[in-house]
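In order of appearance the chains are A, B, C and D, and numbering begins at 1 in each one.
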Amino acid sequence: MVSGRYKACVVGASGVTGGELLRLLLNHPGIELACATSREFKGEYVFRVHPNLRGRTSLTFSDSTIDNVLKRDVDVVFLALPHGQSIEWVPKLYEAGLTVIDLSADFRLKDPNAYVEWYGWEKPHPYPDLLKRAVYGLPELHREELRGAKLIAVPGCMATAAIISLAPVVKAGLVDTERIVVDAKISSSGAGAHAPRLDLHPFRTYVIRPYEVVHHRHTAEIEQELSLLINRQVRVAFTPHAVDLVRGILTTAHTWLIKPVQEPDVWRAIRAMYGNEPFIRIVKDRAGFQRYPDVKYVIGSNLVDVGFEIDNRLNRLVVLAAIDNLMKGASGQAVQAMNVALGFPETTALDQVPLYPV
Amino acid sequence: MVSGRYKACVVGASGVTGGELLRLLLNHPGIELACATSREFKGEYVFRVHPNLRGRTSLTFSDSTIDNVLKRDVDVVFLALPHGQSIEWVPKLYEAGLTVIDLSADFRLKDPNAYVEWYGWEKPHPYPDLLKRAVYGLPELHREELRGAKLIAVPGCMATAAIISLAPVVKAGLVDTERIVVDAKISSSGAGAHAPRLDLHPFRTYVIRPYEVVHHRHTAEIEQELSLLINRQVRVAFTPHAVDLVRGILTTAHTWLIKPVQEPDVWRAIRAMYGNEPFIRIVKDRAGFQRYPDVKYVIGSNLVDVGFEIDNRLNRLVVLAAIDNLMKGASGQAVQAMNVALGFPETTALDQVPLYPV
Amino acid sequence: MVSGRYKACVVGASGVTGGELLRLLLNHPGIELACATSREFKGEYVFRVHPNLRGRTSLTFSDSTIDNVLKRDVDVVFLALPHGQSIEWVPKLYEAGLTVIDLSADFRLKDPNAYVEWYGWEKPHPYPDLLKRAVYGLPELHREELRGAKLIAVPGCMATAAIISLAPVVKAGLVDTERIVVDAKISSSGAGAHAPRLDLHPFRTYVIRPYEVVHHRHTAEIEQELSLLINRQVRVAFTPHAVDLVRGILTTAHTWLIKPVQEPDVWRAIRAMYGNEPFIRIVKDRAGFQRYPDVKYVIGSNLVDVGFEIDNRLNRLVVLAAIDNLMKGASGQAVQAMNVALGFPETTALDQVPLYPV
Amino acid sequence: MVSGRYKACVVGASGVTGGELLRLLLNHPGIELACATSREFKGEYVFRVHPNLRGRTSLTFSDSTIDNVLKRDVDVVFLALPHGQSIEWVPKLYEAGLTVIDLSADFRLKDPNAYVEWYGWEKPHPYPDLLKRAVYGLPELHREELRGAKLIAVPGCMATAAIISLAPVVKAGLVDTERIVVDAKISSSGAGAHAPRLDLHPFRTYVIRPYEVVHHRHTAEIEQELSLLINRQVRVAFTPHAVDLVRGILTTAHTWLIKPVQEPDVWRAIRAMYGNEPFIRIVKDRAGFQRYPDVKYVIGSNLVDVGFEIDNRLNRLVVLAAIDNLMKGASGQAVQAMNVALGFPETTALDQVPLYPV
C-alpha cells in the first residue's frame, strides 16, 4: 500500500479481460497499478497491445511468473488466466497473504468432484480447503462474505446473468426448479485473444451459432448458486449461442410457474432482493424504446438489466438479463468484488453510463 | 400462360420479400414475370428500388390494385403485403381462378377465431371457407395438398424453422408436448421496409433484443401444425429475439423427453420424415467447422439445417433449425410451394448454394 | 447558476447528439441539467428515449420552444437541432445573454454567401454580425477566442477530423494546397434519428457507400479553417463514404509534398501544434497492434488520433485522423468548447478511456 | 476431359478463395471437379471445411503436392495458394501442358525486377519467360489473349476494381496520370483463413483501419495495366483501408481533369470500353436507392459496378468501383478467365444476381 492506495497486479494482462481490468484500475483512485504480466508480450508497452490505453500509461508488461508478482510487494492480484492455470498461482499467492481475485473457473465450484464432471479434470480439485475459503464473487448474493475476503472466484459471464435474473424467482418459490431452461446469447470477446479459425472475422461474423448445446460448464455454477439459495437442488438446462457482437450477453430463462402468480408478485420478489443494488436495473416498461433487457443499453457499464414477462396461457415465466460480458461478466465484476473486499465504495471506478448507441 | 410459361405477378413488390420474389422469379424458366406492383413506387423502374436487379430487368412497378392485376391475365399472383391487407385481395383473385400465393398471415390459421386471439382482430375471420381451402405452404408437411392448390398460405418465417425442426420428434412421440420451449433468434429483414426509429441502423445494430416475449403470433401456426401431426393439442412457449443480422433465423427448441431416447432414435425420426427432402440437411457432426445448424451456412439458399442434442442428465432434447428468413422463411418457400402447385420440379430456381462466408 | 454550478439546457435532446450531450452533462460536476427539450417526446421521461440513462435521471422532456428555455433562467444552451433551425433560436438566446452552443452548421461559416453556395439557401445568411461573433468551436485552433465566448458554432464531424489532421502540415507549408484530397469514412449515427428507408438496418448495413461525392457541405468549413491558418485560399476535394458502423469517422487526406520532407519534419509540425493538446494522440508506430489511426481505438472517447505516412516514390503525404463522431465529432467537442468558454478544466466530463474492444 | 467436360483441380482448396472456387466449379456444366487439395485438411470431407457445400459434394481433400495433381490427369488447375508458393507449382504444371490459373501475385507483373521492389523478393523473378507468357486475367482488358491461354495470372482484388474503373478515363486521356489517388476500402475475407490476433473477430470488427498506407503491392499491377493502355507510365497513389465487412471492395479514384470534360464525355469513354461487357454495370443515377457503386449491391455476384462524378469547382473527376472481392476480385474472375480460355460462354456459372439485402 502506497500513500493510501493498494498496489495491484494483473496477471495475464494482454488478454481481453486483462485489458479491461487495466482500463478500470487505471481510473481507480484507491489502486496503484504496480504490474501487468504477459508471457507473450513481456517487455512491450501495455498500450501497444491495448491501444485504447495509449496516452494513459507507460507501463510495460513484465514476466508472468509467480516470483515476479511476489517480489513486487503488491496487495491485490487479479488472475486473468485461462482455465486450469490459476490453480497453480492461487495457493502460493494466497499463502503469501495477498488478496487474490481469480477470473477463471478454477475456484468457483465448491464440490471438488464437480471439476471432474464439468471441466473434465482427471482428478477432483486438489485444494478442497481453498475451495471452501474462496468466495463466489457475486456481490449481489455474497456481499457479506466478500468483505475482507482473501480469495475471490469471479463468476462466469453467462452464469452472472443467469443467476442474477433467476435468483429472486427461485428464492420466492415461484417456479419449478426441475424445469428451468436458460437460453443464452453471447458475443465474441469472451473467447479471448488466442483462438482458432472459427474465431477469425470472416467465420465468426454473421452467425447465430449454438455451441456446447448441453453440459456447458457454466451450468455447474448456476445450479450451485441457485441451489444454495433454497437449500435444495435446482436443475438448469443451459444452452449458449454465439452471436455477431463483440460485447454483451443476454440470458433468457424460460421457467414454469408452480402457483398462481401476477406481475406484482414478480416485481416484489425482484425488488426484495435487488431494491438497493447499485448495478441492477429492473427493465419492464410499457412505453419508450426499451421494454425488456437488451445488451444495446448496457455496453460499457457494469449494469445488469433484469426483466420478465408472465405467459398466463402456459403458466410460464420468462426472466431476462442483459450484461456487458467484459464488465459485469468479468472485469467489472472483479473490480466490484475487490471494492467490497477492500472496503471501497462499491461503485468506485464502475459508474460509467452505458455508451449508446454504439 | 405464354409459350409454355406461366405468367406471374408480385403484389407489394417494393418490399424486401417482394424484391426477393422478383430475384427468384426472374431466374425461373417456367415463369414470365408479368407485373410487379407498388403503391409507393408506381411507375418507377424496379431496379431503382432493388438495385441488385439493375441490368436484369427493365420492368416498372405498376399500381397495386386488384383491377390492375386482374386485367393482366396472369396465372399466378404472389401477395407480399402487410398482414391484414391480403384478406381484401385473396377472395377476388381466388374467384377469378388464379393461383394465389399469400405471404401474409391472413390465411394461415384454420380456426377463424384464432385471428381474434392471436392477431387482435375484432371479429373472427370472415372467410372460413377459404381458410379451409387454403393450403399451409410448407411442402415438407403438405406436399400432396399443394399439388394443384389455388390458394397457398406461406408459413411465417420463424414458424417454418420451428415446425420443421420439431415435427419429427413430436410425431415420433419423443417429447412432452405440454412443455416445448422455442427460443428464436431473428434478423432484421423480416421487419420490412417501413419501420419506426428502432429499426434505423444506429438503434437496430448491437442488439440482442427480446420482443413479444410471450404470445407472439407465430405461436398459433406452430401449435396448429404440430397438433395436426398427432391429432392432439401441442403447446409451444415461444419467445423471439432480434439480433444484429440482416438475414437468418435460428430456432432452439428445448424439449423434455418422455421416454428413454438415444441419438439413433432421433436420427431415425428425422430421417423418416425428411430423408428425401431436397432442402433439408441434417447437421450434427463431431468434426469439422459446423457441428450444429447456424445461419452462417444457409444464407442465400432455400435450405433448412436441422440438428439436435440429447441432454441425458436432464432428459432434455434440444432441436435446432437454421434458415435464411427471406428464402425458406418467405420468398424461397413461396416459390417452392408454387413449384409443387404448378408441377415444376421442386427445386427450380431454388438450388443456390449458400453464399459463404458472407 | 446554482450553488456554483451553471444551469444548462439541451434543445433537441431526443436525437442522437442530444442524447450524448445529456450523458456527458449529467456527469459534469459544474453543470446542472435544467432542461431537455423535444417536440416529439414532450412530457416523456428522458430515459425512455435514451435507455442508457435509465437510473441516472428522472428528467422529462419539455417543450422545444424558445420561451420554454428562456423562462428557465439557464446559463448555457446547447442547440442540437437540424440544420436550418438553429438560425431561429440563436439570435434570441444570444440577445438574452446566454452562452449558446450550436451543434448545427448555421453559424459555422464566416461568409454569409457561403450558405447560398454550400447549403442551398436562397439568400445570404441574414445575421452576418452574429457570424462574425460566433467562434468556430475547435479548441485546438480557437482556444483563446473560446474563452468567455457567448456563441459557439460546433464544427462538423468530418470537418473536425479533416481540419485537425491537415492543419499542421498546411501551416508548416509542406503540401500543395491546391490538390488536397480528403476521403472520409463515416458511421451511421451522424444521420440522426429521423431517416428514410436507406437508413433502416437492412439497407444501411453491409455498405461501403459513397455519397455527395463532390460538393459535400463540410468542404466549406474545412477550406475556411485551413485557409485562415495561412491567410491564403486552400482547396479541398472532399468525398465521404458511409460504412457499416454506428460510431466513428476516419479521414484520409492525400496530399502532395511541395518540398523535400522527412518523417521528423512532419512529426515536428504536428507536435508544434498539438504537443500539449489533451485530446490529440499522435499514432504512428512500427510495433504493436495499432500503427495508424483507426476508429477502433477511440470509441467512447473525445480523442483524435492523428497519424501520417510519407510516400517517397510519389512525393505524397497521407495524413489520417480517427474520431468518435458523437464525441469529438459533436457532443464531446461541444462540451469541450463549453469547458473552455466557462473556465472549467478542459477535460472535465471528457476523460473517458476508449471502450475497447467494442 | 470426360464426357465433354474438362477435369479441374483446385490447389489450396481449404482457404476462402479455394472454397469459393469449389462453390462455382461444382455448378459449372463444363467442369468436372476432379480434386481439391489441402495440406492441413488432407483426407477430410470438403464440406467439413466449407459447410455451405454440405449436401453438394462428397469430395475429400487430397494432398497438396504437384505429383498428386499431375497423376490425376486433369486439364485445368487453379492455384489458390499464398503468394510466393505458386512459383514452385506453375513451371511444372505449365510444362505438363495444363491450363494453369494462378490466383496469387506470382505471375502478375511483367517486369521481373518488380518482384524485388514490390514483393520484397531477394532476387528478380526467376522465370521471366513465363511472366511474358502469363496473361493478366482481366477479360475486360485481355480477352483476346486469354483465348486458349495456358497460364493466367488472376488480378489482385483491389487492383481489379481500380483498373476497371480507371481504364476508360485514362485511355480517353481525360485525367492527369501523375496525380491519381486510389483510396480503397476492403473487407476481411481477402485476408485468408490463417491470420494473427488482429484478424480475430473482436479485433477486426468495428474498424476503419488504414494499412500499408503507401507502397501497397497492388499498386504495381494497377500502374502496369493502366500504363499498358496508353504506352506511357501512369502513377497511382494507392491506400487501402480495412472495414468491418466480410465481402466487398470499393475503390474511390480521385483524379484531376486535364481538359474540359462534361458528364457525357465520361459516359462515352466508359461505354466505349465496356458497352458490351457482361459483368460491368454503369451506376450513376439521379433517382432510386442507388446513385453510385456500393458493395451492398454486388455481393454474391461477379459484377463490377462503375460510377463517377465530376467536380467542376476543382476540375476533379471521381471514379468509383464496387465488387465482391471473392467473386470478381478472385474466384469469380478466375472462372471468368477460364471460361474465356477454354471457350465456354463467359458468364457460365457466374450469372448469380447479387444477394440483397444481406
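The rule is simple: a residue touches a chain if its C-beta (ideal position, glycine included) is under 8 Å from a C-beta of that chain, and two chains touch if they have at least 3 such contacts.
Computed from a predicted structure; not experimentally measured.
Q: Tell me which chains count as touching both subunit A and subunit B.
A: C, D
Q: Taking mean CA positions as centres, which chain lies farthest from subunit B?
A: C
Q: If you tally contacting C-beta pairs, which comes out ahead, B-C or C-D? Let me know.
A: The comparison resolves to C-D.
Q: Please tell me the distance, in whole Å, between the geometric centres of subunit A and subunit C computed from their C-alpha atoms.
A: Averaging C-alpha atoms per chain gives centres 36 Å apart.
Q: Distance from the CA centroid of subunit C to that of subunit D, rounded to the nearest Å?
A: Comparing mean C-alpha positions, subunit D is 39 Å from subunit C.
Q: Averaged over CA atoms, how far is the centre of subunit B from the centre of subunit C? Could you give it in whole Å?
A: Each chain's C-alpha centroid was found; their separation is 46 Å.
Q: What parts of subunit B, by residue number, touch at least two of the other chains?
A: Counting only residues that touch two or more other chains, subunit B contributes 16, 189, 197, 202-203, 205-206, 246, 289, 294, 296, 299, 357-358.
Q: Touching subunit C in the complex: which residues of subunit D?
A: For this pair, the touching residues of subunit D are 179, 181, 183, 185, 197-198, 202-203, 205-211, 213-215, 235, 237, 239, 241, 243-245, 248-250, 252, 254, 256, 289, 291-296, 299, 307, 309-311, 313-314, 316, 318, 320, 322, 357-358.
Q: List the residues on subunit C that touch subunit A in their complex, please.
A: For subunit C paired with subunit A, touching residues are 16, 19, 23, 26-27, 44-45, 47-56, 189, 246-247, 281, 283, 285, 287-290, 294, 296-301, 303, 352-358.
Q: If we count contacts the way the header does, which residues on subunit D are in touch with subunit A in the complex?
A: Residues of subunit D touching subunit A: 16, 188-189, 191, 193-195, 197, 199-206, 246.
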